[in-house]
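Quick notes on the structure that follows.
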Amino acid sequence: DFLHALEHDIKPAFGTAQEILNQFLTRGIINWGPPVANILEDGMLFIQQARATDTSGLVSVLIEGPPNAGKTALAAQLAKNSDFPFVKVCSPEEMVGFTETAKCLHIRKVFDDAYRSTLSCILVDNIERLLDYGPIGPRYSNLTLQALLVLLKKQPPPGKKLLVLCTTSRRQVLEDMEMLSAFTAILHVPNLSKADHLRNVLETTDVFSHQEIKAIEPHIHGKRIFIGIKKLLALIDMARQMDERQRVIKLISKLEEDGALEDPGMA
Amino acid sequence: DFLHALEHDIKPAFGTAQEILNQFLTRGIINWGPPVANILEDGMLFIQQARATDTSGLVSVLIEGPPNAGKTALAAQLAKNSDFPFVKVCSPEEMVGFTETAKCLHIRKVFDDAYRSTLSCILVDNIERLLDYGPIGPRYSNLTLQALLVLLKKQPPPGKKLLVLCTTSRRQVLEDMEMLSAFTAILHVPNLSKADHLRNVLETTDVFSHQEIKAIEPHIHGKRIFIGIKKLLALIDMARQMDERQRVIKLISKLEEDGALEDPGMA
Amino acid sequence: DFLHALEHDIKPAFGTAQEILNQFLTRGIINWGPPVANILEDGMLFIQQARATDTSGLVSVLIEGPPNAGKTALAAQLAKNSDFPFVKVCSPEEMVGFTETAKCLHIRKVFDDAYRSTLSCILVDNIERLLDYGPIGPRYSNLTLQALLVLLKKQPPPGKKLLVLCTTSRRQVLEDMEMLSAFTAILHVPNLSKADHLRNVLETTDVFSHQEIKAIEPHIHGKRIFIGIKKLLALIDMARQMDERQRVIKLISKLEEDGALEDPGMA
Amino acid sequence: DFLHALEHDIKPAFGTAQEILNQFLTRGIINWGPPVANILEDGMLFIQQARATDTSGLVSVLIEGPPNAGKTALAAQLAKNSDFPFVKVCSPEEMVGFTETAKCLHIRKVFDDAYRSTLSCILVDNIERLLDYGPIGPRYSNLTLQALLVLLKKQPPPGKKLLVLCTTSRRQVLEDMEMLSAFTAILHVPNLSKADHLRNVLETTDVFSHQEIKAIEPHIHGKRIFIGIKKLLALIDMARQMDERQRVIKLISKLEEDGALEDPGMA
Amino acid sequence: DFLHALEHDIKPAFGTAQEILNQFLTRGIINWGPPVANILEDGMLFIQQARATDTSGLVSVLIEGPPNAGKTALAAQLAKNSDFPFVKVCSPEEMVGFTETAKCLHIRKVFDDAYRSTLSCILVDNIERLLDYGPIGPRYSNLTLQALLVLLKKQPPPGKKLLVLCTTSRRQVLEDMEMLSAFTAILHVPNLSKADHLRNVLETTDVFSHQEIKAIEPHIHGKRIFIGIKKLLALIDMARQMDERQRVIKLISKLEEDGALEDPGMA
Amino acid sequence: DFLHALEHDIKPAFGTAQEILNQFLTRGIINWGPPVANILEDGMLFIQQARATDTSGLVSVLIEGPPNAGKTALAAQLAKNSDFPFVKVCSPEEMVGFTETAKCLHIRKVFDDAYRSTLSCILVDNIERLLDYGPIGPRYSNLTLQALLVLLKKQPPPGKKLLVLCTTSRRQVLEDMEMLSAFTAILHVPNLSKADHLRNVLETTDVFSHQEIKAIEPHIHGKRIFIGIKKLLALIDMARQMDERQRVIKLISKLEEDGALEDPGMA
């Protein structure tokens, strides 16, 4: 009856897969540099492989990178690109407060449902949270780990095709859990690291005028840049609350405060 | 039925959000020095950011500082200042004796309710207690940790805005749990640390006469001061029970006993 | 239904608060020396502070000292002295075999009941037992610890006053659990440590004749004395079973056996 | 209903307290040397103290010694000697397979029953087993430990008298659990350690002829003897199966095999 | 009712034993080198031994090797070769999210069913997953370990014959659990390690033309080769998505990326 | 109802005590050397002691030795030799997948049943498995350990006699658990260790001709032999599948492979 409750009470509140994908993509995908295009291209290749009729029927990809790098949004974009008739999202957000068992049963159900469709894509977001990873101890749900280790390698029934897209910001933890070998491939999502990347984002978002962007130029020239796209967009949000004269200064100072902008001489 | 019981049996006994905020603020906010004003100002900025329509919809702020520094009262003041139509308090006081699961479900419910309102503010008080942090072991509720890690990053549905205000006196513990990165911003609430701070409090409270306050002066001159506002108010309470001649001496001796007043030469 | 069972089955067997206080005080409070008077005086001050209308509404006092020092009896005496209309005792004796959850719910209920009365006093006896502290491990009930950490700091509702009196013989354990800072004040109950203290007790109890007490004198002169009042009364009980000639020798030898009477040169 | 089942299903199978005491004493108490008499004498003193009207109402005695030393039998003898109207036995033998909670509730019930009688004696056999002490880990039932720590110190209601007799062969474990201080007194049951002790037992049991006992003499003369009475009686049982000529040799060789008979030069 | 649910809800979804064996063998058994033939031969011997009427009735074989080596497929082939009337598969894939107890009961049921048939073969796939082995801790299901330790040694009833085929890629873990000694014999499945092995696979699969295979030759000549058959087939799958000119290069580069093709000088 | 289910569902499937004993003895007891006779003789002595009317009523014997040494078969033989009217087997094989509690209750029931019969014999097979001993951790069922520690020492009711025969291949583990002292006696079952032992087995089993046995002679002459009887019989089983010319070579090579036949110079 728990699974029954799941479907009737909680799912609707969480929305359909398409709504969830859209929410993961509220801010779209800004093409801030070559890594973005590369990931989308590689993703297309895996989609083709999953679709092909003479292959093994299962392709599982891990999308990993630092916090705020844009992993979830890119995974959502790939899921949309696949254009597979069955798309499901498996996210810790919909399982807050679930017991280990409830989590496992829910994950299992998502996969069981996928096995019934000819072409399926499952987005498993934030694996370290699904595993209830707590760094003090450390603690984790072994039940969920075992379930994922099996499901990520389990062939769909004859004739069915399945693409699994997972995200994590704790690659090392997954390696310690001997989980990496369960994936067909691993895609790395980097932080923005060049002045060009930053410039691209500032130009794409409609917040700063061309003049303002030029004013920013000298502050970032020759600096070491290291920031995730989600964090950068949040700082722009914050700066945009200030009146127009203070925006540029606010953005630069926030970037420095957060360690996103450093003198190259610094470690 | 547990959640049902929660709402019918226990909530009423705990009072409405406004009553709780008021109780957190029984003694008001005394403007004992610049830190108080700064926190209230920064708080207003976050309230604006949360309210703005072109931002991400979620602002989560951690208010941290030593025990008795006034964290809960300041968080309550910010919640009142927000003037958001939906305000809820999530406090360990109302969850005494709850199981891990009951705690998580209650927290989840508070957030679920908030997602239904356009402008919501949630005050999550005393995170280390919500996490059942016990220093021997150490022990903590991983279920609650996982729930908070997810909820503090979860976007409200499209069009909804959410401001989350959390308090803790164990910043280091939260850092060890890799929880700090889940917050949009962190505000520090310091102890009183200057003679001026002390003087401001003594003058604001109507307990001591101007003469008495002057008598106190030489005892605090040149001393290192370090005390939370809640503790200071409690010591004043105690002193006020004595007859008028002994009050000043009692207050000074209590301050020294508690290590709130020390010779600057001491470590 | 558990709480229901508690009140109908077990409470009556345990007796009313007044009966329990009386049983804690079967042997009364012997004024064996200055520490006894001091504790009773300080206690009165806290009672006044709790009662005062312009204070914070909550005073919590920890009464700590070695085993058998008389902590429970003194706490009971303070509870009686308060003369508050609502007095409740929270003792491990009534919770033998309770699960963690049952213990917590019972403790919570005692506090919840107190919040409904204008002037309440709660005696929480033997905190290390309430916490199920087991030195091998060590083990303890984190659920109960969290409950106490919250309840000892929780303000009663507006207009209500609450005095909490706790006892423990394991101050260090409470410190390790970061529990000490939750108390408004801490009172130390020492063992008897001077010949005078011993003499006072022997004279107050009607067991030994003046002659016998004099006979004891040379045996205790110049010795290091260290014994709790409860233990001392038990040794007197034992000695009193012997016929009159052997009593004095028995008492002295028992005191020495238990390490309560030592040559000052010994460590 | 568990307690109900306890009383209806299992108790009868275990027998009345008198039957149990008798079974603990199947082989009687052989007066093999001074320690036996001393323990019985001291025991009488504690019985008197427990019975006296002007004392604290609770006497708890720990009877400890090596395995097979005869602790349970001596405790049973003291319980019989007390001649108290209410005698109950609390033994791990009747609680095989019980959960922690069931064990605790059973122990609690025994004490609760005793509090209703004016003069009660409880025999708590083999405390380390009641505590489920497992040396690998180590493991133990903290629930039972806490229950015993409280019950061993809990005063019976006004006017009631209670004598608690406990046995253990793991004194050190109880010390590590800070349990020793809960007892009013501790009695040590030693192993047999002198040729005389052995001789007394051989003469009391009707197995060996005077001639045979004489034949044993040279084998034990000048040897270090160290054996518990229960073990010794078992070896005699074994020897008695052999035909008459081999008995003496068998007994001696078995004593040596078990390390009960050693050359004094050996460690 | 759980076991009931198992049989009615979940089994059908998983398919009959024959369907499962076939799915394990989707890609057939390519005879890439001598080890393949050897394992199949040894397997036949164990099948004969299990079938023989004058032997002990139980033969249990562990098939172990690196991940992707083809262990499961070879075990499935042996199960088919046995041609025993009763064949059952015990795989973690059908027990995702099961509790320890449910897993054990399911495994037990498979064996209980086998004991009723005269000639039975059980394939226990991926023992480390059945044991819920999690490397952080480490953690494992002791209940399942105990069940397997017993079942792998338990004789079927008189007249019944049982062949148990187990697979694992964590031989060391099983050794640490003292499980190896429970097997009658152990078969090792190696990775492909010679150019010839690779060539055999490329020729057997119909993907590359003879010309392409020749073009691959110089790239693998003199290199250290180390790859499991399953991984190799997956890389061929990937290469086959590219257009014809890029295939060879893609395959070689993928082999190098995965460390399957190394200069012999490298460690 | 669990115990009810036990008796109605599972027992019958497992067979009567006599059937189980017979199955443990399928291959009979081959008199391969003096240790076999000695164990059977000593066993008869314990049977007499258990039967005697003037003894303590309880004899418990531990039969320990390396894996495959024949412990279970010898214990079964002793149980049959006792010819006691009540014989019960307590084996992990019938308790696969049972919870700790179910195991304990089952063991307890076996003993409870025995106490009702005048002359009873209980065979407790493979104690380390009954204890759920897992070497990683290590882990074990403390509930079962406590039950066994009590039951192995518990006297049957007056007039009843009980012989308990236990087997283990992990003597050290039982010693670490302080379990050894609970036994009346310990019997050691060794591996075969001499050429003569081997020869006796080969001659007793009807597999090899006299000529073949002679052909084996030179291969074992002067070698160190070390193998359990169960393993040896299994190797003979395997060899017997080969055609007649290869048998001898197969047996010798298998003995060497398993380390059962070594040059005396080797460690």
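As written, the chain order gives the labels A, B, C, D, E and F, with residue 1 at the start of each chain.
The definition used in the following text is that a residue touches a chain if its C-beta (ideal position, glycine included) is under 8 Å from a C-beta of that chain, and two chains touch if they have at least 3 such contacts.
Predicted, not measured: the structure shown is a model, and the values here were computed from it.
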Since chain A and chain E are copies that touch, is their contact same (over half of the numbers shared) or different (under half)?
different
Far-end chain from chain F, centres as C-alpha averages:
B
Which integer distance in Å separates the CA centroid of chain C from that of chain F?
58
Taking each chain's mean CA coordinate, chain B and chain F are separated, in whole Å, by 67
Residues of chain B engaged with two or more neighbouring chains
none
Could you draw the chains as nodes, link the ones that touch, and say if you get a line, ring, star, complete or other?
ring
Chain order, ring traversed from chain D with chain F following:
D, F, E, A, B, C
Where on chain F does chain E make contact in their complex?
13, 15, 23, 26-27, 67, 92-93, 96-97, 99, 126, 129, 132, 134-137, 139, 233-234, 237-238, 240-241
Considering the complex alone, what residue numbers of chain F touch chain D?
45, 48-49, 52, 54-56, 101, 104-105, 107-108, 111-112, 115, 138, 140, 142-143, 145-147, 149-151, 154-155, 157-158, 176-178, 181, 184
